[in-house]
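Shared between the two complexes below is subunit A, which has subunit B as its partner in the first and subunit C in the second.
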Partner chain A sequence: MTEVRGNAQQMVVPASNVGWVLTAAPWLVCSVALILWQVVCNVFSVPDYILPPPTQIFAVLVNTAGPIWFHAKWTLATTCIGFALSVILGLLMGIAVGSFRMVYAGFYPLLIGFNSVPKVAVVPILVVWFGIGAVPAVLTAFLMSFFPIVVNVATGLATVEPELEDVLRALGAKKRDLILKVGLPRSLPYFFASLKIAITLAFVGSVISESIASSRGIGTLMVRAASDFRISLVFAGLIVTAAMGIIMYVAFAILESRMTGWAVRRPEVQ
Partner chain B sequence: MMIGAKSIAALFGCLCAASTAWAQTPVRLVLDFAIQGQQSPIVLASEGGYFQRAGVDVRVDRGYGSGDSITKVASGAYDMAFADVGALIIFNGKQGATKLIDVFQIYDSAPMVILSLKKSKITKPSDLAGKAIASPPSASSRVMFPTFAAVNKIDVSNIKWLDVTPQLRETMLKQGQADATTALITDVAGLNHLQISEDEISIMRYSDYGMNLYGHGILTTPEFAAKHPDEIRKIVRAISEALKAAIADPAIAVAALKKRDPLVDETLERRRLELVVANAIVTDHVRKSGLGAVDMDRMQKTIDLIAATYKQPPMKATDLYRGDYLPPTDESMLPH
Partner chain C sequence: MSASPRSLGSRLQFRRGHELGPHERCTMRNGGNFLSIRNVHLTYGRRDKTEALKEFDLNVSLGEFVAIVGPSGCGKSSLMKLVTGLLLPSQGQIKVNGTVVDGPLKIVGMAFQNPTLLPWRKVLSNIVLPFEIVDEHRHKIRSQRHVYEEKARRLLNAVGLPEVENRFPWQLSGGMQQRVSLCRALVHEPALLLLDEPFGALDAFTREDLWDVLQDLWMKRKFTVIFVTHDLHEAVYLADKIHVMSRRPGRIIASYDVPIARPRREETAFEPVFIDIVHSLRRLIKLEMDGREHAGATREVQ
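Now for the complex of A and B:
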């Protein structure tokens, strides 16, 4: 048993239960939100083309599971490919930018300018260049998720403590050793943090691309459903996209805790 | 200086008084699409002072497809829409109620077409089977495609739909990524703009293949019409007058467009306006009976045809279309 003394109260929390509460917390919040949504829809008789109630959305999810999964698979595939591209290229670019002052000075302003361009405007150009299909979706996912990875890896590398660098150089370490043996491992926490952001951005990118020009994908499904006045199907698509984003996020969070557990190790609160 | 409760109460009181003394809020009208030549008569009504002279304050905004505009009026975000009555029939059918009504039928004939390059050899509806068709999902020509396919018994199972935003439609056709596209006749002007000449384009009109439908009109909710009948009459009259002026001299309408958006290409938009006037607005029936005159039998046939495609019970034409907001016939007649 862990005793926590507050100002005037004494709270005794069984240590074994805290973990359970933490895992259940997001599910509880989600359920409360859904219940509230359902109540609002019922109480105010909201028309279903404005805001469909969760029960209707769930029914649509179950009934059109086949087509939804068909499109979701496509979005998942294009997002993962685009994301994989941005991880590899982002890592390489981040290393270059973070390790060499010339590269930083030369490329960073361009990267920022490039990232400020709304990708919605870029998709039509990609479609004209590469045709409708997977390529614009993969590229848009890549373009949206690339920048956070570059920034975080570069920051991680550039902020290696100068004293550490001096000591290593005094001991005869070459630049390459510095990057590979000290800089990179040290920037892993930053890298994984950026991956969690980047994966959600990659989803945004591919869905945007699909809603502008595509023949398959959740974005296409949502646009077609909207034009058919099937708003509950639009919401079903939104929920499926959100779910895919959360699953990927959790996957990377687990990967992160395995690979960078050493960075967040803390003594247990007594 | 501390803001005390008294000052806050005073400020609140002033705001309340100001809002009640505020002139009536403008009527919000949403168009079917971006502001182009075919929407210019309504823009003319706004920029050319027709609404002002009629004593109404109307705010005209661009739209994102007829379907979307109808949903916006149904949800209360807008009061009126300029959109396709076919899309409205589908919407009302799906909701099982007359959510919106048609108060001014502007397109006497829906100018929907299938455009393709002559080299694709798509000359009749059945040629579309198995082809790649580029089409924005919420465009009226796409929304009406199932009905077109049903009437002409097209095998739709192998059609590859390329969902694109309207801007990409012509490009897809030119590049050869799409064999055909669902469009309005005004999009021929867009193809010309991409250096595709008339003789390279194959135009398949829906109206030539059993789709004798009414097209775009001014739509609103029954509740809004019941609350503001005079305003609707004034608005319909102003739009009718602006239409007559635009038909007589397209240059005025294009000038109004230019006033609203200096970036418009005048030649392109004028061509679009002329195409929609010639193909959709000034038909033989309108020449005989005036702008906005509706043949209720034909309206009922339109409803029945669309309802059959979507397996909905057809609504009554008299519920959908209310002709009592039109100006007197002699004012709606076009000069000969």
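Now for the complex of A and C:
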């Protein structure tokens, strides 16, 4: 064992040396892209209403911070509510689909069909049912993020080793024991992985809904700005949405590594 | 078949209220057989029926160490599932301790080639798992966890792993994981232990090491073992009795007694009796794999 650990440490040391490069990499790429963008705008003197340069977008971001924040808050709220709904219902549905063959057979094709429907097409129906406001945005966010959670949780539950199941059933384990002791903990890494995807999809959902029918939210802001030819503001809205998506993603990535550390086998031991 | 009732080192516990204390003389039905399989057939599938087992008969006495060998794909794993009640025979009858098996037995220890430990639980908590499931213990485990953990610890010591209880299974080598898997199969002191090629994926040294671990545990506790293996040396080294299975559909075509004193050690493998049995087994299985029917139904080598 000591030998193994010694080797591993030798491998870890150079890795930690490149660590700061890895941390800096996304910022570097981002900066280079922004500089290129700026240069292209200036050199070819691209009109502002086609593609505003980053400096101008930044200026708009600062100048209209108040209204942007007002709309961003709204979008954040509707997204989070829709996402919370899909976490709860997705988890329950995933457990049902992954544990019971009858539920799988009955519901899975339906779920796939449901997921294939473009959500843009559903928004008008939601508006007819619930009126303009928060509800369609929440529901669209939910619809977008529900499916990946169901599929991932179901996969985790359905891929329990049959031998392990035999060991437990030979001890008298009931279905409930198998789900609680093995299936659920096993599907946790799948579940947390799906949360990262689902949260970004939830943003897409609420912004789509807001841009079609709402009086508040980043989606509304961008549609209005576009109709006024304030393209810088549209870009500012895009950047704010992206930033919110990244922040939520990172939050769930951290949660994931906290909750399911056992699934990420550390290099020091292998 | 040896029918002498033995006193047991460990308590026997069964589903339908059968409880045998350590000093009780075991009054066994079925002529002293702990496990009896009578004329069992097992067919898979609805349309293209494959016969896994046909006219299968087997008797195992209480506390006996039985090895099952045979050509690959002879239905050994199906046999395991039948004995534990995870699968029901298409025909015939299986009795464990005089009771017909008609559902999962609820108190059998099992271990496979794959250690199947839970990667999110530390070693000790993996071993305690059976207590969280077996009816008799599941309600007590919360309040008396330390008692159960102490049992697990003692077993870990017995298999030569005193210092790993707080590690995760994936931090252990394959051999260590298999030891932990053995502990999990034995911790609730099952009357019956089923092992399906448990050492098949290990290197030769680790495997031989584990033979002794298993033998020592068995000599101390005298549980009944059914040990499925491809390794004939392993079978002769460990078992009191070796049953040879035919090709699919599987049935027992020969039974060997292994009259070698215990504890068997490394040198035992060089004794003439040992080598004779291994050779004889090998010939028989080769014949069976070549497809020729073996004439003598049961042979006893003394």
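One rule holds in what follows: the second predicted complex is superposed on the first by the 250 of 270 C-alpha atoms of A that agree within 3 Å, B and C clash if a C-alpha of one lies under 4 Å from a C-alpha of the other, contacts with A are read in each partner's own complex, and residues count from 1 in each chain.
Note that in this section a contact is a pair of C-beta atoms (placed from the backbone, for glycine too) under 8 Å apart; a residue touches a chain by one contact, two chains touch by 3 or more.
The model shown is predicted, which means the values in this text are computed figures rather than measured ones.
Overlaying the two complexes via subunit A leaves subunit B and subunit C side by side, clear of any clash.
Look at A:Gly131: by the touch rule set out above, it reaches subunit B but stays clear of subunit C. When the two structures are aligned on the shared chain, A:Leu110 is found in touch with neither subunit B nor subunit C. Judged by the touch definition given at the top, the superposed model places A:Pro47 against subunit B, while subunit C stays out of reach.
Legend: residue contacts after superposition of the two complexes on their common chain; A:Met102 is shown touching neither subunit B nor subunit C.
Of the two partner chains, neither subunit B nor subunit C is touched by A:Ala121.
In the overlay built on the shared chain, the residue A:Leu22 is in contact with neither subunit B nor subunit C. Here's the short version: in the overlay, subunit B gets within 48 Å of subunit C at its closest Cα pair.
Residue overlap on subunit A between the subunit B contacts of one complex and the subunit C contacts of the other is empty. The touching residues of subunit A, when paired with subunit B in their complex, are 47, 49-50, 124, 127-128, 131-132, 212-215, 220, 223-224, 226-229. Of all residues in subunit B, those touching subunit A in their complex are 65, 67-68, 71, 74-75, 90-91, 94-95, 134, 136-138, 142-143, 160-165, 167-168, 171-172, 175, 177. In the complex of the two chains, the subunit A residues touching subunit C come out as 161, 163-164, 166-173, 177, 181-182, 185-186, 188, 260, 262-263, 265, 269-270. Those residues of subunit C whose C-beta lies close enough to touch subunit A in the complex are 15, 81, 84-86, 104-112, 114, 116, 118-120, 129-130, 132-135, 168, 170-171, 184-185, 188, 194.
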